[in-house]
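Same chain, two partners: chain A is paired with chain B first, then with chain C.
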Partner chain A sequence: MSETPRQIALREWDDAYERLRAAGVPQPAYGGPLGRHVAEGDTRLRKLRFDNSLAALRLWDFLLTEEDRLQLARDAGKKLVGTMKDLGTVPVMASSLDNLVAFYPDGAWWIPCVMEVNSGLLQIADSLGIDESFCPVRAMLGAFVTGAHFPIPDLLTCSVGATCDDFSAIAQRLNGLGYPILWWEIPHRRVPEDNEGGVQLPGGFRAPASLVRFVRSELERIRLALEKLSGRVIDEGTLSRGIAKANHIRRLLAELRQAAFTATPCPIPALEMLIAEMLAIHFCSDQEETIAVLQDLLDEVNRRVAAGTGYGTADTARMFWVDPVADLQVMNLLEDCGGRICGTEYLFAHALDPIPTDVPPMEALARMALADPMVGSATDRAARIKAEIRRFGAEAVIVSRIPGASHCALEGEIIGEIVRAECGLPVLEIEVPPLTDAVSPSLRTRLEALVETVVNRRSR
Partner chain B sequence: MYAGIDAGSRAIKVVLIGEDGPGVVAQGQVDQGVEQDKIACRLLEEVLAQTGVDRSQVCRIVATGYGRNAVSIADTTITEITCHAVGVRQLVPAAMTVIDIGGQDSKLMRLDTNGRVRDFAMNDRCAAGTGRFLEVVADRLGLSLGDLGPMAARSRNPAVISSMCVVFAETEITGLLAAGRACEDIVAGVQTAIAARIVAMAGRNIEAPVIFTGGVARISGMETALQTALGRPIAPAPEPQMTGALGAALLARRQRGSD
Partner chain C sequence: MKTIVYTCPYVPAEWIAAHGLQPRRLIPRPVEGTATIPQIEGLCPYARAFANDVAASEDVDGVVVTTMCDQMRRIFDLLVRRINVPVFLLNVPSTWQTVTARQLYLGELERFGRFLVRLGGCAPDREKLTQEIRRYSVNKELTDLYPALYPSQLPPGPLSWVWQQTFQSMGGGSERDLEGTRRVPIGVIGGPLMERDQVLFRVILECGGQIAFDGTETGDRTIRSLDDRYLSSDPLVNLARAYFHIPDPSRRPNSEFYQWLREKLASHSARGLVLHHYVWCDKWHAEFERIKEWIKLPMLRLDSEGRGEMDSPRVRNRIHAFMEALR
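Up next, the complex of A and B:
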């Protein structure tokens, strides 16, 4: 399609899909009208507005068919690995073997939004003592109990330690329900002391060599478990090929981010960018297809940049977004209120950096795992955010807290204060529950006020 | 003529200004209701009637406040954050910080030297730190909102209200009454708690002069509580409940010729 970029509702997409189908436009195996997902319970889709490109349709279809893909993999004799909490490390290891498929059970945190709380997952978590004082990722517990949203994996791994207190408690509860978990520990990242050997990490951080050695030893345990499950050896060559594929995805995302955050008008809406960026950590259970989906999206974005088409104008307020939203609809709201996305830090910035290829692959993965924003300080996160704000020319920052998520409660304020003081930008903190319908007027007021503030500041 | 309509959670306010000059031609206020569009239209008509101005002479209308999108007669909408800042700056040209406490939310705006909003913070996650908190307390104690200020002024030993949640605070108040604490100490304690909430929201670097606006600024005692909590003088805006509508009217005038 070469239409002018615009956001369209589900019904319009379904009509457009029928025209595409009739015209014989090729679709991937998982393609189809988005409306079919509503019939399966994903009712929130009716309230979202989607980019009207074929590439965006493919992205959404890819995202919403992961359960089918996992089931097909199992039927084909592949083993499934649930890689909990880990944002981008174990999936790279598992995906290097072609008889393993890694997925991210934590992704269930969006089910209460997508199914508009009709899935009953949060109620199950409540009944298990994991109530709303925890992050919405507690929905994962319900997904395991019902078995309705992903097949129960053959191996479950979970990183604990410096990652997330909420998630540790939720995973412990899951373990207590009879789902064995292979835990691996990740320590808090700190700067090396004078008498310690330091190691350079992706993202510009440094850590003591002893920490990297420890994480590497933890990942070796995971490697052995994956080899046992697979019946194959993950040697350096195999792992290097897996890393190369992950780096291919990261390069595509880096190009996509550069174009999306710097071009005027904005070539892709905030919502589709969020979904695309998330592919960096879980590959939606298929690395090859992730590459194809992202390449398609990048081609579309590049076409739009070359044609000078997109969303908004040169005057549209440029927003840097911190933390992912529990309700996808809020990303639509940004454009409704006159803003555009201009940089993001969704808690997995390390999974967008290239994995080092100049060191042995297990060492490279250990270094990458230690660069995770969640295992460092809020000050480290703020440093990276500041650098990206300057790189992309953002004019304001939105920090969207996730209700119940302990790290968000603590980090948002610190990040906000640092960005205000050192970048001189307005910072808006909002809290985004899985369904924002009841607080939508208030969220709209805040976002509109931020846009007004940005526009008024320009005329100083 | 230019009109600003502030559709707040508790009241709708209208301000009418002329082509030039700082003066307000007319203004009015009425309680909010279910049919806020009709209420706003009626109020505007009443304000126009006060001055003998015909509706056709109103060149532009800007609506603000939480109900701004429901005001169908408005040419455009602008958030209350921008409007309060503009309104306050018109009345107090030196203002650098604006604290606005309304019926259902509270806000703090930092201004630059030109009077534009540099940054803002807003609380509306719960009723703590808003006028609603005071309403709940007044109801619980059988008082009117107007009684609260004079009553708080009589307190020599304000009660400590530790909960930041209105529902829990009400429970605390019940406990304090049962323990025999005087009403004036409870009211003063509530005002202190609201002020503490605002200060927590404001964060650091509050630049003077600080101007207090919104309907809650009319309740005596709140200004003192905020001054104590912030550790610096605060001046209530003249007619603090009208600054949003005034800002909206001024912005309508700035936009003249924009259509």
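Up next, the complex of A and C:
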């Protein structure tokens, strides 16, 4: 379906799907009308608008069928590893063995949005004392208790230390409910002091060699646990192959980001790009298929760029987006307001950088883990954001606060202060709850005002 | 003598003093006038008050903040940008069951020592550190007399904590209150208390309670007493070992905290627990239900926004009702 790019509603997609099926267009095994997910409770889909490419359909189907994949993997005798918080490191290790499947229980973060708070997960979290003063990841607790959104993993790992208090507290609550957790420490990243050996990390930061060694020893504990679970050895060759696959995904994403954030008109909407970026951290429980899905999307984007088709015009305001949105619909809203995404920092920038291949694999993974934006200072985050703003030519920055998130209170303040002072760009801080329907008019007004500011600044 | 300010219990005052510098555990007070950090939704009032008090203090030569919580990590980022005093971030691991985590903490204390030397301190020899550890231990014994009322790691010298008087004047040590009614032994747990919120202990006493033990961040939960046995070998290693095992809900897993609580409840026959925490303090907030399920004793949760609510009629009424129910 190489039609003019446009965003379509769910119903339209389902009609189109029927036509495609009738025409014999091949579909992946997990394919089907998107509307079936609404019947399973993903009611937010009815309010979203989707890109009309086949590649986007495959992306959505892939995302929304992860639970089935996990169940199939378990049925096939594979072991499931619930990797919590580290966003991008442990899945690379687990995926290097073909009898292990890693996934992020943290993904429950989006369930309150996707199921429009009808899943009952937040009520369960409330009853366990984890109320709305915590970020939406508290839905994960309910998902464990009900066992209805993902199979209970055979091994649970969780990175703690320089992570967010929300997750650490919620994971501890989970542990207190009787779920064993292998805790591993990710220390705060700092710059090497004088006379202290330093190591270059992916993404450009430096860290003391001693800190990298420490993280490496923590990851060795994870490696042992994975080996025990799988009954196989994760040797350097196996890990290197796992890293090569992860890097393949990261390369595809890098190309996608480059095209999506720089081409005019914009070849792919913000919502699909958000989903695509997320694949880099968890591979949606299938690395090979992730590669195929992203390749498809990249091919579509490249076709559109070559044909000069896409969304918006050269006048569309170019926004840099900081932090993921708890309500996916806000990505649609930005475009409705006359904006487009030109750069993102969704808290997992380290999962997009290539993993070094010129050092032993465990060393490479330790370096990557330490490059996590969450474990460094807000000033580091701002530095990376500044570099990306310049790279993609963003004209304004939107920091979307996550309700209840411990890091959001001050991070936005620091990032805003630095970006305003050093890039001279307007910064808008908004809070995006899992369902924005009630605040949508005010969000719209604020986004429109920002777009207007951007346009006015051009004429100055 | 230069003053080094901190608030986290994982900062050993002895280590600062051994460098010839004055440690000051800052229990924040409200800052008048323009604040360095404005009120922000989601920001822990204690973390904010600490930063603002530090920024408003003129007699501070260095500040040390720890990674014990995410909020304080970000406070460090802001202090570095907004004040002209050197600030140090001490990495306190969340995990504690591995040798490498313990070594990381020890390494951090050594790095902290180098920071103190840069500020004009003298790298201590073994004898100096041992001497300071002993000096602080003596003072800690004194504070044991009034466990509920003293912040840990008071600087050596005469004890001047205002609540000493309050405690004595109210017969806090006796089993009966001023009207002769038997007091209800209560354990108090929670995070740190700002200066004006320390009134909580007084209110509990006035409502007929008796502080069975103080498990707040400035109470005996965090007081480390090193006896001479531990000083015979490397005193810094032993100091690090003692501080590293302060039982706190922020550790992963936090079983040491529960073990500490179990022992306290058993040895002090507390009939109920009061938990105080500031809003947006995830680590204490998340623990309330679990503690409640676990101790099977009545529990009262008091959360505050740092506006002096502990002295409010509402809180007093709640504590009163709690005591009544326990009588």
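Just so we're on the same page, the second predicted complex is superposed on the first by the 460 of 460 C-alpha atoms of A that agree within 3 Å, B and C clash if a C-alpha of one lies under 4 Å from a C-alpha of the other, contacts with A are read in each partner's own complex, and residues count from 1 in each chain.
Quick note on the criterion: a residue touches a chain if its C-beta (ideal position, glycine included) is under 8 Å from a C-beta of that chain, and two chains touch if they have at least 3 such contacts.
For clarity, every value in this text was computed on a predicted model and none was experimentally measured.
Contacts of A:V427 after superposition: chain B is touched, whereas chain C is not reached. Legend: residue contacts after superposition of the two complexes on their common chain; A:T453 is shown touching chain B, with no touch to chain C.
In the superposition on chain A, A:D235 makes contact with neither chain B nor chain C.
Looking at the shared chain after the overlay, A:D437 reaches neither chain B nor chain C. Partner contacting the larger number of chain A residues, of chain B and chain C: C. In the superposition on chain A, A:S217 makes contact with chain C only, not with chain B. Of the two partner chains placed by superposition, A:E132 touches none, neither chain B nor chain C. By the touch criterion defined above, A:L410 lies against chain C but remains apart from chain B after alignment on the C-alpha atoms of chain A.
Of the two partner chains placed around the shared chain by superposition, chain C is the only one that A:C164 touches, whereas chain B remains out of contact.
Across the superposed pair, chain B and chain C both touch chain A at residues 413, 417, 431.
Considering their complex, residues 413, 417, 420, 426-429, 431, 441-442, 445-446, 448-449, 452-453, 456-457, 459-460 of chain A touch chain B.
Against chain C, the residues of chain A that register as touching in their complex are 128-130, 133-134, 158, 160-166, 168-173, 175-176, 181, 183-185, 187-188, 190, 193, 210, 214, 217-218, 221, 377-379, 401, 404-411, 413-414, 417, 431. Interface of chain C with chain A (complex): residues 37, 40-44, 67, 69-71, 73-78, 80-81, 89, 91, 93-95, 98, 100-101, 104, 107, 111, 114, 249-250, 252-254, 279-283, 285-290, 292, 294. Listed in rising order, the residues of chain B touching chain A in the complex are 66, 69, 78-82, 105, 112, 114, 116-122, 124-125, 203-204.
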